[in-house]
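Everything below concerns the one structure shown next.
Every chain is named by a letter (A, B, C, D and E) in the order it is written, and numbering of its residues begins at 1.
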Amino acid sequence: MNKRASLLSLLMGVFLLFIWELSARQVSELILPRPLTVFTVLWKGILDGYFLSHILTTVVELIIGLLMGGFLGVLLGIIIGESPFLKNVFSVYIVISQAIPKIALAPLFMLWFGYGMMSKIVITALICFFPLLEATASAIQHVNSDQLTLFRLMNASRWQTLWYLKLPAGLPTIVQGLRVAVVLSLVGALVGEFIGAKKGLGALIIASQGMMDTTLMFAVLILLAVLGCILYGLVNILENQLWYSKENRNEKN
Amino acid sequence: TTNSLTIANWSQLIVEQTNLLAEEEHGFFKEAGIDLSIIPGNGGQDALKNMLTGQADIAFTDPGAVYSALANGEDLVILYTVYPQNVFNVVTMDDQIQSPKDLKGKNIGIYSRSSGTYQNLLVLLHQAGLSESDVELLDVGIANFSPLIQGQVDATAATDTALVPAIRAGLSAPNIFEVRDSLNIPSDFFVVKRSTFEEKEALLRDFILAYKKSTQWMIENPDRAAELAVELAIDGRDPEINREIINLRNTASLDENGQIGKVDIDIIQEGADTYFELGLIPKKLEMSQYIEVIEE
Amino acid sequence: MTTWIRGGHIMELELQKVSYQYKDKNFALKGIDWQLPTGEIHCWLGRSGSGKSTLLELAAGLKNPTKGKVYHQGHIVTKPSNKIGFVFQEATLLNWKTVLDNVLLPIQLQREITTEDINYAEVLLEILQISEFAERIPSTLSGGQKSRVAIARALIKKPTLLFLDEPFAALDIITREELQNELLRLNKREKIAMLFVTHDVTEAAFLADQIGVISQGEISSQKKSPSWEETEINRRDTQKFREYCINIRHLLGVEHE
Amino acid sequence: MNKRASLLSLLMGVFLLFIWELSARQVSELILPRPLTVFTVLWKGILDGYFLSHILTTVVELIIGLLMGGFLGVLLGIIIGESPFLKNVFSVYIVISQAIPKIALAPLFMLWFGYGMMSKIVITALICFFPLLEATASAIQHVNSDQLTLFRLMNASRWQTLWYLKLPAGLPTIVQGLRVAVVLSLVGALVGEFIGAKKGLGALIIASQGMMDTTLMFAVLILLAVLGCILYGLVNILENQLWYSKENRNEKN
Amino acid sequence: MTTWIRGGHIMELELQKVSYQYKDKNFALKGIDWQLPTGEIHCWLGRSGSGKSTLLELAAGLKNPTKGKVYHQGHIVTKPSNKIGFVFQEATLLNWKTVLDNVLLPIQLQREITTEDINYAEVLLEILQISEFAERIPSTLSGGQKSRVAIARALIKKPTLLFLDEPFAALDIITREELQNELLRLNKREKIAMLFVTHDVTEAAFLADQIGVISQGEISSQKKSPSWEETEINRRDTQKFREYCINIRHLLGVEHE
């Protein structure tokens, strides 16, 4: 079954490559280079290590940003999910933090966090914390009321109810938020690098645009796609370690 | 009969292009039987690409983009030099820096590595015998002059028009090196695909003539243009700034001899050679192949 | 505060004119008085929807009365204390913990779990005949097995006051009677006071020192048990017990025996 | 209670304005203009109608994009949530669609969807469908197994189980996804306008940068913030109409 | 296929050597045979965890046997048919629908709801003594009220075969006996065959045409009921009934009466 899906997925990939090839024939190399050209450049760049430092830079920014943003997201999500009062106080500012495009504030980020990795990390964190915040807050708010009564009975403190009930019960929803956050963290790191970076896949995209080296740009896009899939896959692997995925497996019969 | 033509612009519809935007009031192109539309873009490369995809007939773009496209095998025709004058510069407030040579070892801000500020800075450095590795470049994005004001960079690469609001905002006693004093590569061209040129040569000629007329109009009526820009240009809120910008573009539109839109093959060739030497394009170009001079 | 000793008994629990209304005002408990002396078992019977579960939750401090007061050992109650245990009408287990961990949960929330706790949990599981399921996930248990896990969980903290809301409803007679015996033994040994809601007349007759009938939000009648001479196990077979059962049935309004 | 929260929220706003004012005094007008200057420009622009057409353009793009993206997100979420097989087939491509920065593909979007509103709408839809997809898929996968058995017993078709069980039961999670999607749709419309637009708040930001008119840009950012809060508020109002929020209210006592 | 008529009876349900194992292999039903003729009520008794619920789900087609076959009216069963009703051990109501809509749900999934359906639903709620809750949300009901909603939902499609898993466990004796009477009436009037799991011996004795005792995944004994002469309501008070009950208790291994 899983094999068949992988096969079909592969087939779809081949089909998309085919579409790509066909479209590429219609337009200039500068707009859409052919798959083969792109993969050749990609392969060369991988072999001679050209991409390595850029990938590393982006990955580091992304991971640190994701950790910071993830932590912040879960934390704020807990606060907002726990206290309707604080929710009313903060949510406007959280929404504002998302509605304002980071690119527009680039000079401030650069001023506050310098031109190095830090500003990229901050932007990544800022972009990816929101889905986790919403997921966590929602998960915490929609707990089974019988279980809540049980915890009240056991005289559980707020923290205990959170830790032993709300968070484990809300895990599926939180992981779903993480899945979105992980993908957004890639976008975040890239946006950060667009603003002014010497290294990183985002910087490479900008540089390739300057030289109108569309082939190189597409090679970078493929790297990004692979990176995105790896990150997403990691979340899936993590999820498979969690109790509820085992539970579901048990129940099916 | 009217024929429609579309320009792929390197930017949105901004003040410095008021001559194009004044079409409604003055109908320079309509007179020539041309129904003109403009596609906004985000950079000269975008403009060129939007033209290459057939979204537009003519690209309003910078030489860097044209050289790159040619080096990548596109067959283009340069019809017209919109701004024979190079409008890029390097600005510093550091008294130690008296000539481009003094930039060695300094921090210099650029917009981004895909922008004209980068390419033209390299040209300036090259003419001063320096290279990219002699300086520390900082992509400051839209921050423009702010890092300079904040002291985060020693100099910043910009354009003449960007300097206008900066000086108004209190950029004091700047030391300005104009790229045109080193190598006056033109700022922008009208470029078409060769196939378009062959198909619509007559129409393109009419277009160029109409464009020249519009430029002439803006040179002659800068105040009216500045007024119009308030309504027509997305960035035209302040008529006084408009006026300054229009003045700058009016100046940039004229070559050394005070002529509008003269195509100078030699400087275009020299630009291509310099871009190749700087590693901005991967091969040498024979530019005369790609230039069709439209005479009146 | 002076009310918690009545006629020489120490009151483990006292309800004073307790009234309660749900928000939608469809149902109300009206001025209920009840006293549960230390170490006694009281059973509440009553028709479905008469307010037994609501009253139990009020007595435990899980709900706060609209009017009236609830005292545990003379202290006014506003939230559940650490000395009580409660078996809910629905088992309410955590599916991400094993049976053993579900049972140990109340301890875990209070302090470090010791080997003694684990041993005691295992003893409880043994008594409740579910030790073989200690490492199972609750969702794979049968209805009766789940309800027994909930009972073990209520006992793990050795409460002095235990609330049970139809705890044996999902159990077969044999298990049920065995657990009744165990409960009575526990009650005698540890002096745990119990408030027990059941629909089973025999169960109430067997366990209760006093019986209350709740009817439409009020206590419609109450009755002290006769004193039993025989050992518990045999009591059920005596004529006296059978008559007592019939008595209770009459209180409930059941016409036949 | 709610009043106190609003007050505190306002106070926090005042505090942030204060911080803004202080920071603005430290740096050039070009980086961070003063609040008062910004609000003056904002107020003037609103009064003389300067912002109107830009706001309208962005709002139209955003709403159509959100509707399209929302529909697509829920639809794909359902498909992926319902069929682990199709999930395995598609999820790689969905992740790729998110990992690749839309800005890099600007010429292709222009080619396929024109330089008018359509390309902005498509980008908006593409950016905002993902959180809804993840939320819907997750909601659908984590349904109470007893209720599922009930529906099997009633011989419910797949669609019925979806419509009468999985979707209503998953509504809290889906609305949470919508909350993220709505905010991302604003980002999407903006990104769409960054790649080249004549009108719209994104176009205005780009223009203001060209003019180095940071004050104007901040005025636009404030408009964006307000727009974001309105959108988010609308989702909250919508949520309050749904059964589960009433349910929760009932249970609290 | 020839097996569905046995001794002149039409078999509503037949289990043939049905075996079942849960994935974790902790429990197994072993080669169970059972026949339920049209219009009869059969009751299964057995200790908690003996496999009653599992067997009921197998009989309804909710689970598929590892070995053996299940037939409804001679047709092999692989999934639940539209002619059956099932009352689960846990009520499992949808909290986003009113009580009435919960009851009507099985109809809604099959076809347009008519006023007749609504009328019938209201009749059922009346019989189950919960008509006043028709517009309530299930989460505001008491345990016994919830379980009655689930019963109404199982009856709404007028099934020819009804499975009930301890349906009355959460009800008081009076309601319980009234509902037993109603169920019997329904059975006689509409010829609905029923498979009824209960822990209540009196209930089984009162309802069943045949009783089966399930023990550790096997049918340990079965017993036909005596034929009753009296009307149902009075039957419970006869000596014959009481003796029958004691009989069943013995089958279950209960020592005292």
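Some notes on this structure:
In this text, contacts are C-beta pairs under 8 Å (C-beta built on N, C-alpha and C of every residue); 3 or more make two chains touch, one makes a residue touch a chain.
As the structure is a prediction and not an experimental result, all values here were calculated from the model.
With steps allowed only between chains in touch, the distance from chain B over to chain E comes to 2.
Chain pair with the highest count of contacting C-beta pairs: A-D. The mean-CA centres of chain C and chain E are about 29 angstrom from one another, to the nearest whole unit. Between chain A and chain B the centroid-to-centroid distance comes to 38 Å (mean Cα coordinates, whole Å).
Centre to centre, using the average C-alpha position, chain A and chain E are separated by 51 Å. For chain B, residues touching at least two other chains, in rising order: 49, 53, 142-143, 146, 150.
The set of chain C residues touching two or more other chains comprises 22, 24, 90, 139-140. Touching two or more other chains at once are residues 27, 31, 103-104, 107, 111, 145, 194, 209, 244, 250-251 of chain A. By the touch criterion given at the top, residues 1-2, 4-6, 8-9, 12-13, 16, 27, 30-32, 84-93, 95-96, 98-101, 103-105, 107-108, 111, 130-131, 134-135, 137-138, 141-142, 145, 172-173, 175-176, 179-180, 183-184, 186-187, 190-191, 194, 202, 205, 209, 217, 221, 224-225, 227-229, 232, 244, 248, 251 of chain D touch chain A in their complex.
Within the complex formed with chain A, the residues of chain B that make contact are 43, 45, 48-49, 52-53, 64-65, 68-69, 72-74, 112-115, 118-119, 137-143, 146-147, 150, 152, 280-281.
Listing the residues of chain E that touch chain D in their complex gives 57, 60, 62, 79-82, 84, 86, 88, 90, 92, 94-96, 105-106, 108-110, 137, 139-140. Those residues of chain A whose C-beta lies close enough to touch chain C in the complex are 144, 146-147, 149-157, 160, 164-165, 168-169, 171, 243-244, 247, 250-251. Looking at the complex, you find that chain C touches chain E at residues 22, 24, 26, 45-49, 53-54, 89-90, 136, 140-145, 148, 165-166, 169-177, 199, 201, 234, 236-237, 249, 252-254, 256-257.
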